[in-house]
Amino acid sequence: MKDVTFGQYFPAKSFVHNMDARVKILAVIAYIVAVFLVKAFHFLGFLACFLFVIIATIFSRVPFLKVLRSIKGILFFIILSAILQIFFNADGKILLEWKFIKITDKGLLNAGFIVARISLIVLGASLLTLTTSPVEIADGIESLMYPLKWIKFPVHEFALIMSIALRFIPTLLDETDRIIKAQKARGADFESGNLFKRAKALIPVLIPLLISSFRRADELADAMDARCYSGSKNRTKYKKMRLTWRDAVATVFIAGLIVGVVFLNKFYWLLVV
Amino acid sequence: MRIETEKLSYAYGESKALMNLALKDVTLTVEEGEFFGIIGQTGSGKTTFVQHLNGLIKLKKNSGSIKIGEFDLGEKKCDFKKLRARLGMVFQYPEYQLFAETVFEDVAFGVKNFMPETSPEQVEVMVKDALETVGLNYLKVKDKSPFELSGGQKRRVAIAGVIVTKPEVLVLDEPVAGLDPQGKREFIALLHKLHKSFVKTIILVSHDMDLVAENCTRAAVFSHGQIVAVGTPKEIFSNAESLEQTGLDLPLTAYLTNMLKQAGITAENDYTVDGLIKAIVSEINCGGER
Amino acid sequence: MAILSLENVSFSYDKHSNAVKDVSLSVEKGEYVAIIGHNGSGKSTLAKLFNGLVLPDKGSVIVDGFSTLNKKEVFEIRKRVGVVFQNPDNQLVASIVEDDVAFGPENLGIKREEIGQRIEFALSAVGMEKFRHSSPTRLSGGQKQRIAIAGVLALKPQILVLDESTAMLDPQGRKEVLEVIKKLNQDNGVTVITITHYMDEVVDADKVYVINDGKIALCGTPQEIFNQKEVIKGFGLELPLCAEIRDKLARQGVILPDGILTKERLAEELCALKRKS
């Protein structure tokens, strides 16, 4: 369990790895916007987005298969939405009819559209987590949220909570594994029975986990106090993020993608004709 | 129950690389009645090994065999629940597994899981028995929340929760970690008491060499997922050099015996403290007569 | 002059029982002091009193002239008294070693360049320079605890308090941590207060306090403490195994000199005994 890392960061030295986390986060948001901008059935827009992901992957030196594998995690969700589209879309020309199920051409197209949209978003987002360590992401989000300080939002505390949560995920996963095993050794059964029974079987795991989390929190608070923690006041930061030429290049690139998608949306007919 | 593993191997994760093997061809037999020690550094595979014994880590295909009494853990129809009722396992810091509202309910957890048909009266008898065996006053603690007990008492409750179904094999992973000297001494006394009663076989996983030398009838040394030595404490610790390669220290008794030997004094003993003292005393006295 | 002193300190978590009762002690600069006691004897509460994590109900705790009772001075005290706790997992705040070590200096508002220097100093003091960019979750218990020590050292404390910091480690990890602490005490002149129930960690101390039921029950050199075997046993403690063996031999008529606390010394004396006879 020790190797379960949040977002599966893939350490490497690459153009994308070296980019500023803030730019990467903004770029992914912009990319997701681009994917959403693609109008229905204009698959060329999706092709542009896909090309963008491929190029970014090449520059990130992450094996393409690793990026693709991110889809595996939500495969069930993708298939489910596709099925819903296929079976419950009554519009369009009917291709197949059986009892109350109608499969139409529009339904199939919609399904393809949804699958493409979700997959592209997941690919882009996973490229972010693959090339950016959780700590960098947390720092990036903190920095991006900095303006919120003006409306008294506790940016520093929020960021600290995030980074402590990230730090403790592997520790708590380990602990969960240990408690599950200990209760199994005492005859606990997590695999049989109905949903209610299974949920009930989790109590002997959840309670010890909760108690140990409180204990850890208590001890961590003491350790932080002992190291002179007193909130964000007069605090300095050791790590500073710096923008470089890479970030400028990436920004131009992502702007190009958005313009391209908008262009394809508007002048799609030009290319088709 | 006799415990027998043959060529047991186990790899973490998907990788098949040899370096990632947590266990490699572990063949070991522990006879009924033994007080068996399993020693090795952290990460040597000793915990992975014992967690195979009650199926917490499932035996994979072509990874060897495990037979415990009449249970064949490689078989599909192997009844793990039955096995776990007879082979109890105490984890490191077992007090962290306590969860119920009262001590009684926590100890009864195992009975309810393993023997759901037990009558409430019988459950009470069993829980009372278990709590008294670990040295707690049944009436005083049964209705308390396990979380308001002291650290040492919590650990006793956790042990009671494992021995409540009277397992004939008891596996303990670093059971004295975190206990103070007196707590440790009392705990070891408890183990011997259990060993004389319904627990026939004890398997003790530890990196405390003094503890193993003093208490175990035999022991196995794990290093990098393999067994590098099996035998009585004397057999294992006599070979200081091979032990040092695994990064383990000698127990104090073995260290002293070795030093004496180097100085030309043979004080043969079984590496328990009393054995060593007896050997030294007789050696000194003999020397005086000569 | 004492760098840390407790004067008639009492403290209780609740009204019914006192965790610490009327304790007075003083620690000199550069000393290596051990505090021993069974679990629940109140010894860990002392660690929290030393740096103002808990405040005395009665009496006072003075560090380098500052009192923990004075709220404004609490950070002056915590800068001077670094406390390392029992569970290494529950002391590390960051997912990367250098970020964790930086946590203390960041809290003090120290400039970036100097934080970098302090990280370097602290990590090399505990021999963990190589792991500067690693994730602590992948390290062994002993290594994690050394990072926790580095995190405290980055505050440049004069006193290092170890509150059962070896209790959860394996023998290898314990050895690593003890070596680091001895080195800090001897080479860097850091005052060390170690709170433990491992008797063999007490052997090298300049002074030992035995705590029982919240009170100082005994105080002296390790030698003086271990000469009172029965008293120690009454406090739920035990002699180091070496001293135990010496004792058992004595009862069988094989008398070895007093003050054998280490295995090397015991072996030496045993060999000498034979030669004499």
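Lettered A, B and C in written order, each chain numbered from 1.
As a working rule, a residue touches a chain if its C-beta (ideal position, glycine included) is under 8 Å from a C-beta of that chain, and two chains touch if they have at least 3 such contacts.
The shown structure was predicted, so the numbers you read here are calculated from the model rather than taken from an experiment.
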Contact graph of the chains (line, ring, star, complete, other): complete
Comparison of A-C and A-B (more C-beta pairs in contact): A-C
Averaged-CA centre spacing for the pair chain C and chain B, given as whole angstrom: 30
Computed distance of Cα centres, chain C from chain A, in Å: 44
Complex interface listing, chain B residues touching chain A: 13, 51, 54, 56, 81, 84-85, 88-89, 91-92, 94, 96-100, 109-110, 112-114, 147, 161-162, 165
For the chain C and chain B complex, residues of the former touching the latter: 38-40, 140-141, 167-168, 170-173, 197, 199, 236-238, 241-242, 244-245, 248-249, 252-254, 263, 266-267, 270-271, 273-275, 277
Contact footprint of chain C on chain A as seen in their complex: 2, 133-135, 160, 163-164, 166-167, 170-171, 215-216, 219-220, 222-230, 234-240
Of chain A, residues touching chain B in the complex: 3, 175, 178-179, 181-189, 203-205, 207-208, 211-212
Touching residues (chain side chain C, partner chain A) in the complex: 48, 51, 53, 75, 78-79, 82-83, 85-87, 89-96, 98-99, 102-112, 115-116, 119, 136-138, 148, 151-152, 155
